[in-house]
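Questions regarding the structure given below will be posed in turn.
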Amino acid sequence: MHWWLPPQGSTFAPDIDYMFTAILVITGITFVGVELGLLWFIFAYRERPGRKAFYTHGSTKAEIIWTAIPAVTMVIMGIASNGLWVKIKGRNSVPANAYPIGVHAKQFEWWFTYPGPDGKLGRTSPALVAKTTNPTGLDPDDPAGHDDLVVRNQMHVPVGRPVVAYLTAEDVIHSFYVPEFRVRQDVVPGMEIKSWFEATVPGTYELGCSQLCGLGHYKMRAVVTVHTQEDYDAWMQRTAKEKGEPTS
Amino acid sequence: MTTVAATAQAAHAHHDDRSFIQKYIFSTDHKIIGIQFLFLSLFFLMVGGLLAMQIRWQLAYPGKPMPLGNLLPETMAPGGVLLPEYYLQLVTMHGTFMVFFAIMLLLVGVYANFLIPLKIGAHDMAFPRINMASFWSAFASGIVMLMSLFVPEGSSRAGWTMYVPLSARHDYSGAEFGQEMWSISIILFGLSSILGSLNYITTVINNRAAGMTWFRMPLSVWALFITAILGLLAVPVLAGAAIMLLFEQILGTHFFDPAYGGQPILWQHLFWFFGHPEVYILILPAMGMVSELIANGSRKPIFGYHSMVFAIAGIAFLGWIVWGHHMFVSGMNPTLGSTFMVSTLLIAVPSAIKVFNWMGTMWRGNLRFHVPMLHGVAFVAMFTIGGLSGIFMAATPVDMFIHDTYFIVAHLHYVLFGGSLFAIFGGIVFWYPKMFGRMMNETWGKIHFWLTFIFYNGTFFPMHIIGMAGHMRRLYDPTIYDFLKPMQPMNEFISICAFLLYGSQIIFFVNFWWSMFKGKKASQNPWNDNGLEWTTPSPAPHGNWDTLPTVYRGPYEFSAPGASEDYLPQNRKLPTDRDPVLSPAAGH
Amino acid sequence: METAHKRPNYILIWIYLAVLTAAELGLAFELPITANLKLALLLFLAVWKALLVGLYFMHLKFEKWNLRMLAIIPIPLALILLFAGMSEHIW
Amino acid sequence: MSQAMAGAMQPPFPAERGIEVYNKKLGMWIFLASEVMFFAALIGSYVILRFGATGAWAKPGIVLSIQITAFNTFLLICSSVSMVKAYAAIQDGYQDKMKFWLLMTILGGACFVGIQVYEYIHLVEHGFLPSGVREGSHLAELVENGTLPAATMGLYGSTFFTMTGFHGFHVTCGVISMLYLYLFKALPGKYSPQDFGGIEVVGLYWHFVDLVWIILFTIVYLV
């Protein structure tokens, strides 16, 4: 039984957890204050014979205080979160040296495309998708795609290196979610969305679909393996050999 | 016109010669329509809860035959084991029933209808026949939605948010008729809601009694008025979107079909542009009612009446520019994400004002813990949790992690159950004498309250914890994931609490029906309250008053110095009060 | 019954509307102006016509401020929805 | 507030409280506010979809006939004027004039609906459907030879039929309610300079429908 957030597995995790904890502390103090206050009032001002309530319509001073304090807190929180948000999802947030992996979601499986030796993903097009021969719709006319490796339900990423996932969906909206990485991004048909992260701890994790996508939503699961760079290269070579020419 | 109608209604109050059907079925009396809405929405509350119980069974004991499950047809649960397609129908219909047909009808249908004319001192709504049409289209809409569970392939399976393309195509979701019936039902519901809203707004603006100025209106009327504005402007957007979804299904249009240049995100924008004001439609009336309950229970004027009104208006205004916080990870423009984050965080400010003002109302009061007051205080305590957990989601980076997990489920139930439903229960007990002329049983009311309060927290608080651990929503079988397996004991605990919670509601329903016939006869003003509704007999007669009351003060003059009792009705004329000036054309 | 304001000349408004419609039709042809200018002109004419109908036929010009407010409130909301939806395509 | 100002543009009904606008008229304005949001959803979707479309949009005048619709627009404008003339007539107490102008409005509205139905039939015959262009139709040929863009025709059909269809539905409702007023209120002489709420309220709805058409005509047919 987990009583806290999942283990931290990416560079985002410490920042997001810090943010979470900070909000938890602020809201926790408010929560305890309000609930204790309520209990105190319930006890101290319970009805007793002969008592009469204190007749007042309010206090402008008190109201200004409890308007201003939340307002200031919220503005600070907004500014703090926005910096992190821009770093994770902002328009130009993807680092230039990020390693590209194509992630193609369909009912109810994940297909991962690895760029091969040239380090580039081939062009894909929804029109070219064929169920068994070309599950991600790689374009045979694009030379960058000839060495691409297409693997089902297994994501392999190198540790300590920014990875950018090019998310595409074939049918309905899915959502790319690895709890340990604290990364979640909906995968929308008709759009190619970039989502990046940097894994920090080698190991095996689970990738789940977190947007209702149909009957098999609950089992739309993939395994994420974080390797050291050497292991990753070895895995890549082994898989390429097994697969032969992955496409066309 | 009005005066003629008024005289006619006044005459009715003495001599009611309407037939049974006119009186109770196709009635134009706002009180009867409110009670009709009450029965309808309580029915849907029960059905929605029953669906939730099945969801909870499946989550706690995935794949095990459900007790009584073999009563369900083979297409839903062969041998009592729920099918994935039925599970998705349960998830979808639980959300739809609860949001649209239970809570929204309870708050807006029941309380707006019943309370607005009684509280502002009017004989009836501005448009009684439109009011009746509003009820019957809601009824038709509810029937269509309910029937959709029983058509071939069952009801919609796309979640109550109906994200496209899943909801738009049969080969994606596997539901055809059920999906179309969802759209049709929502269009009918939209019609009902718009007709209701325009009625409430007109009534509040034009039909207030003499002396009932804007700032002498009870907070519940303020909240219902502003809610009606939200509904008036938000629901047509949903109706438009539902029409597009329906055409997508039956005419083969391409609004949301990316293969033809359509945009799935557009649906989310339209849906949440309606959906977020909808969230406030589901909580603002509850806030208004709780203000009444707490002021009455504390025997004290509401703390900061004006700022309460401005907070309601502020929440309603901000409600229009925050819908994007449902879409932070949807692939929406991230700059919009920043904008929506700031506006969302700002909503915490008026919400905080309200919570502190309720506490200020209780401060140095003379707290009388009748059942409505218990529910009111529970509302404040639970809404605080729901409001504070909302801050986690407003912060975009944190939302990226907890979005679509049980943390969200916990949050929304803390607002909608811990908030709205507690206020609704409190409100039913409070205005029950005015509806049926009898009191609900106090002891059983208290037992129901405590059981509900305990099991409710047992059900929903642990959801925060499994949500933090990453438990996703809408999973048919969470044990598929290795990292969710350790959470199964917690899921079981939640489910057991949920069953007990549902069981506790039986007490309320029995109390509700029993009291209707056997309850203690209610006096005219059993709670010693100030509102105008307590100046007419219980139950209120057709037409409410023979001569409309005149209002001399605000609604919360409890424990005023110099008054003989600890309350001072709005219409009681003290020697120092002057009559409101009414020129023939202008009457404020 | 006396109305407090001078009744507008409805026929004149009608002529206005007809002329503006004709102008719009003229803009529908191929013209030596950029597409954006054409769009702006067409929208300008449409809003002008809509305003004429709203202000004179629906008497908004002669109503009190609170009724005018009622008519105006939905417009910013509609624009917010429109621009948020459009902003999806410019980032 | 002076008596004259308060009575501005209102029938001298018994005074009602609030903003001194009688209930029916206030209710209609509130209803129109919700109608604005309804059309905002439909028109907004069209604008957003068209703005975000990857390909070009069909040029005006190829699929839809501008001439017929321009005439239809003119017809609707005329019916708006006749409605306001009916309103002015009853304000001044001219029963016959009011009946005449109301009838003209009904005729104008009915013609508008008729022409729209004709237009729809014509479009469907040529292969323009809510789902796009029908295979093997005249328009399919135009798509093939490049006169019409293939990529956006689906959206074009979807948005066109939804927007104009719902506008047409509103016009039809307007015609029906005016017919009701004409037969059961105007002909029996129930309106007077003291009581003409029905004419004013339905008139407001009618002008609103006209106003929506003005916008639709521009952005659907001309842009």
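Each chain gets a letter, A, B, C and D, in the order it is written, and its residues are counted from 1.
Rule of thumb we're sticking to: contacts are C-beta pairs under 8 Å (C-beta built on N, C-alpha and C of every residue); 3 or more make two chains touch, one makes a residue touch a chain.
As the structure is a prediction and not an experimental result, all values here were calculated from the model.
Engineer: Could you state the distance in Å from the CA-based centre of subunit C to that of subunit D?
Structural biologist: 14
Engineer: Measuring centre to centre with CA averages, how many angstrom lie between subunit A and subunit C?
Structural biologist: 45
Engineer: Between subunit B and subunit C, what is the gap in Å from one C-alpha centre to the other?
Structural biologist: It comes to 38 Å between the two C-alpha centres.
Engineer: Where the CA atoms of subunit A average out and where those of subunit B average out, how many Å apart are those spots?
Structural biologist: 32
Engineer: Hey, what residues on subunit A touch two or more of the other chains?
Structural biologist: Residues 91 of subunit A touch two or more partner chains.
Engineer: If a residue has to touch 2 or more other chains to count, which residues of subunit D qualify?
Structural biologist: Residues 7, 19-21, 26, 30, 33-34, 37, 40-41, 45, 48, 52 of subunit D each touch two or more of the other chains.
Engineer: I need the residues of subunit B touching at least two other chains; which ones are they?
Structural biologist: 233, 237, 262-263, 265-266, 269-270, 334-335
Engineer: How are the chains arranged in terms of who touches whom: line, ring, star, complete or other?
Structural biologist: other
Engineer: Can you identify all of the chain pairs that touch?
Structural biologist: Here the touching chain pairs work out to A-B, B-C, B-D, C-D.
Engineer: Please name which positions on subunit C make contact with subunit D in the complex.
Structural biologist: 1-5, 7, 10-11, 13-14, 17-18, 21, 24-25, 27-28, 39, 42-43, 45-46, 49-50, 53-54, 56-59, 62-64, 66-67, 70-71, 73-75, 77-78, 81-82, 85-86, 88-89
Engineer: For the complex, give me every residue of subunit B touching subunit C.
Structural biologist: Within the complex, subunit B contacts subunit C at residues 233, 237, 263, 265-266, 269-270, 273, 320-321, 324, 332-336.
Engineer: Please output the residues of subunit B touching subunit A within their complex, sorted ascending.
Structural biologist: 84-85, 88, 91, 157-159, 163-166, 172-174, 258-259, 262-265, 298-305, 307, 329-331, 334-335, 337-338, 341-342, 345-346, 348-349, 352-353, 355-357, 359-360, 362-369, 377, 380-381, 384-385, 388-389, 391-392, 395-398, 400-401, 403-405, 465-466, 468-470, 472-478, 480-483, 486-487, 489-490, 558-561, 566
Engineer: Mind listing the subunit B positions that touch subunit D in their complex?
Structural biologist: Contact set of subunit B toward subunit D: 1-4, 126-127, 130, 194, 197-199, 201-202, 205-208, 210, 232-237, 239-241, 243-244, 247, 251-255, 257, 260-263, 266, 269-270, 583-588.
Engineer: Per the contact definition, I'd like the list of subunit D residues that touch subunit C in the complex.
Structural biologist: Of all residues in subunit D, those touching subunit C are 4-5, 7-9, 11-12, 19-21, 26, 29-30, 32-34, 36-37, 40-41, 44-45, 47-48, 51-52, 60-61, 66, 70, 73-74, 77-78, 80-81, 83-85, 88, 91, 193-194, 203-204, 207-208, 210-211, 214-215, 217-219, 221-223.
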